[in-house]
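Here the structure comes first, spelled out in structure tokens, and everything after it is commentary.
Chains here go by letter, A, B, C and D, matching the order in which they are written, and residues are numbered from 1 within each.
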Amino acid sequence: MTNEEIKNTVLRLLGTVAPEADLTKLKPGVRLRDQLDIDSMDRLNFVIALHKEFNVDIPEADYQKLETVEDCVNYLVSHAGSASKA
Amino acid sequence: MAEFLMPHLGADMAAGTLRVWHKKPGDRVSRGDIIADVETDKADVEVEVFTSGILEKILIEPGTKVPVGTVLAIIRQEGEVIPEVSPRVSPEAPAAAAAVSAPAALALVHEEGRLRVSPVAKKLAQELGIDLASISPTGPGGRITREDVERAAQARKAAVPETAPAPADRAARIRQAIAAAMARSKREIPHYYLNTTVDFERALTWLNEENLKRPVDERLLYGILLVKAVALALREQPEFNAVWNEGQVILKPEINIGTAISLRQGGLIAPALLKADRKPLGELMKEFRDLVQRARSGSLRSSELSESTITVTSLGEQGVEGIFGIIYPPQVALVGFGRIEQRPWSVEGRIVSRPLITASLSADHRVSDGHRGGLFLNAIERLLQQPEKL
Amino acid sequence: MSSASKIEPTVQGTAREHQLFLLREMLRIRRFEEKAAEVYSLGKIHGFLHLYIGEEAVAVGAMQALNANDRIVATYREHGQALARGTPANSLMAEMYGKVTGCSHGHGGSMHFFDISRRFYGGYAIVGGGLPIAVGLALADKMQHHEGIITACFFGDGAVAEGEFYESLNLAALWKLPLLFLCENNLYAMGTALARAQAQTNIALKAQAMGVPGESADGMDVLAVEEASHRAAQAVRAGNGPLFLELRTYRFRAHSMADPDLYRSKEEIAEWRTRDPITTFTARLRERGLLSDHDLANLENAVAAELAEAVQFAETSPWEPIEDLTKDVCTPEVGKL
Amino acid sequence: MKKKTTYREAIRAALRQAMRDDPRVFLMGEDVGRYGGAFAVSLGLLQELGPERIRDAPLSESTFVGAGIGAALGGMRPIVEVMTINFSLLALDQIVNNAATLRHMSGGQLSVPLVVRMATGGARQMAAQHSHSLEGWYAHIPGIKVLTPATVTDAAGMILAALKEPDPVFIFEHATLYPLEGEIEERIAPVDIAKAAVCREGRDITLISYSASLLKALQAADRLAKDGIEAEVIDLRVLRPLDTATILASVTKTHRAVIVDEAWRTGSFAGEISAQITEHAFDELDAPVSRVCSAEVPMPYAVHLETAALPQADTIVTTVHGLL
């Protein structure tokens, strides 16, 4: 999957967790928590969705590596590698 | 070498009793010979053997009852030597369909004090924040109906003119329900407030280790430890697990923790985690996730909104330090938790840095006093020091 | 048989291959039933299992008189008919295992084999339940002027006690339907001997009373069954209305696997075993120099191989997915007729 | 261009049209030919279409219903008339163990495109053995459809719709409806056989019924309107498959329901409808779902007793008042 595809998938999954968010206005570099009304439950559901979609295991320690959309994409590229679903 | 098994001789045969052997070790047997008699529930049946050879060894003596598939004897081919074999009992046939439990007796004993209210009336009262106990029923057999609730809503509106008519969309209606409940709580309940600081070190370390062991979709949030601690503490101080009804307190047998969940478009709803003190953390977490998902999609059942016996709210993520909450009538207490904050803390005389949480209690002074409130908060703090026991 | 039609006795002068074929078909049925009993005792097949051992000559003999587009209705003791009609042993064994590759997708089991590609309209477990269905099939052929197509309905002496037996014979005779009634009289309706169930035990006579000419034949002699069936089928095909053939036969095994067989004497069974349709026919072929030990060994090996493959096929076949539980209750394409 | 007719003649017109259109269609049953049908439905059809297509059957219900199944398997489109539901008990084995079962039991190889019609119900002083109302039994069986036409249009249109179905369809014509007057088109069109119909709008309570009982429900609704009670009336039209959606939509609006069913109350089809309402619309109910059914007695001959046993309009009215 290319970076662009990963990014779109990440945004799609974010949409399932925070359905009312306007994903088009999301700034990739800014912390998600500062742009969206999401709490720890939403973050857990987001991590579970990433796990199911990209087949990647995300220990709690790595949560702070997923603060922004860019972080998520980089993290997934380095961790998920080829294992992600087409 | 072939095994001669206890044959399956009929649709509902699970076991058989070996009655008679017609062959003895060393005898020649050929396919179709009658080798033994077996007794089933129906009768004695002559049993044929399906493999030819020499009867090597008999493992089950006449008179023994064994399940279908048990090895009864060993048949050797010409010139074959067979090592010593112990009788092997085949696994039990798959269990028949699970026994159907008898339907409960129909004696409907009307629980004293329980209101007769139609489902739709109960749901509407919950949404409009009207206390059913305050309504005089006009339905058949003393049942409260939808009209009764609507009439009560109108009457209240007349008494409190400034509230707008019940708005159409759900968020606004919920806002109105919260407003009504909070106003009534402040009007009627003499609140007292206590708080204490909880050392959250052990809980967090245990939680991190526990989550490493769990698959991602069974991970626990720290909030669930708080809920369970409150539930277990209520066993020690039952007067906080009660409702105030027409001038007297009614202690509740079940501990149903109302968990405050913020809704997307604003507003708050506190559905109940039923029997929270009796459920393991994993199950509580699963139910909590389900409640959050259904609360935010607006598909909670009316019973879930009205069966909480106490409410817990955690505003840590919003950075709040301490909470002075308003009790949800007809409950008599509310427990709040602030944010986890690394602060200096003295342990055995030494100052160290520890993750601390402020736990606060709002309680109805008609029902309990500060002394009991303190014991309750201490119980919560103590329980959180042994997270593995939650 | 109505004297009007003259049937060419083709059977006696049959070539050697045909008689070996008849023997092979009977052997296939016999070994299939023995294998079914074996895997049943191992708990691989469950529920009811009614074996055809002893009656092979009836299915094999009668089947020779039926064409590809004739229609067949049978009973729950129908393994022999299905095999003789050509349904592969693989799909029959798989059906008894309850696998989706079974001839009825695992929905019917031993008592309900279906194979529409061979116009085999199934086994029926309600005694006499298949007779009205056969009447309807024959009615459809008559109304659509399908000249030369007949329906053959197999049933046992037990069905003779059901009201539907009399109703069906009467309706078939009344409407002169192309229906061949084949009664396998094995002397017992489960545990009740014929004489203890019927005041009048001459079943062919009963048929005549209902307006259906009837005849009896030795159900233990495959050539006799073949000859009688050919004559009857030709007459029915000619449009003279239904005919009734009583085939006297005997089952060497109990009614079903759970039956302790208390109602028959060992002597009676032993006496009928001397008329085993396979051993008697084998001896006759040997006398006439038509069958060598080598031929017989080849037949047995071929049949054994076919059955080993059938068991292997059944063992390895998949189960139907649970999601398809109600798929076949109704026909999906509505209104497209 | 519509023409005036009766329920009985509408069915006859549909039978005639179906047989003219499709050579595979034929009618088989007791006294459908020379006698013209016990309820005169097939009067004159023998003279028009001949003995091959209008077949009088001997009194052998199990076998001529079984023969209908066989003929359907053999490529025909039979319409079997069982004179009344009371005699169909003799054919239940063929219906339950063959007609409804063959498709599934054969692993999907067989379809049984068979239509069976029978008169049903009491109210004609026929006493116990000729007054049964057992459609609910048939609606219990997976693999078949069960239709209960209450109007002249449905009586005719349902036959044509049923003939297009690949699986068995059972049509129950209440014996008191045959003289019912109405209108049908010259060329009859098949009607929908999946949906219930709301035949009267209302906001206070939902009356759910079918076949002859529907007329009593409508009478009750008229009387209730005088007391200011607006009853919504639903004609189920089809018992299997049951159109639960239409029922629930109505109950969600009115919050109360009464089911009118001529069968005996215990184990009645009304019981099934009540269970589905409670299961799916519990929070919408302002009163328990009620049922008006026949008294649990073998139908008595004497008119005053039979009237007391059967559901009546005023029983429905008093039941409704009990719920408001």
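A few notes on this one:
Going forward, contacts are C-beta pairs under 8 Å (C-beta built on N, C-alpha and C of every residue); 3 or more make two chains touch, one makes a residue touch a chain.
Owing to the predicted nature of the structure, the values given are computational and were not obtained by experimental measurement.
No other two chains have as many C-beta pairs in contact as C-D. Centroid distances from chain A, each centroid being the mean of CA atoms, peak for C. Taking each chain's centre as the average of its CA atoms, chain A and chain B sit 31 Å apart. Per-chain CA centroids place chain A at a distance of 67 Å from chain C.
For this pair, chain B with chain D, the centres built from the Cα atoms lie 47 Å apart. Mean C-alpha positions place chain A and chain D at a centre distance of 58 Å. Residue positions of chain C in touch with at least two other chains are not found.
Under the contact definition stated at the top, not a single residue of chain D touches 2 or more other chains.
Multi-chain contact residues, meaning those touching two or more other chains, do not occur anywhere in chain A.
Contact between chains, using the touch rule, shows up for A-B, B-C, B-D, C-D.
Residues 118-121, 123, 139-140, 145-146, 301-302 of chain B touch chain D in their complex.
The touching residues of chain A, when paired with chain B in their complex, are 18-20, 37, 39-41, 44-45, 47-48, 51, 57-60. By the touch rule above, chain C contacts chain D in their complex via residues 71, 73, 102-108, 112, 114-116, 121-122, 124-126, 129, 131-141, 143-144, 163-164, 167-168, 170-171, 174-175, 326-331, 333-337. For chain B in complex with chain A, the residues that touch the partner chain are 208, 211-212, 216-217, 219, 221-223, 262, 264-265, 289, 292, 317. For chain C in complex with chain B, the touching residues are 34, 37-38, 40-43, 46-48, 257-258, 260, 262.
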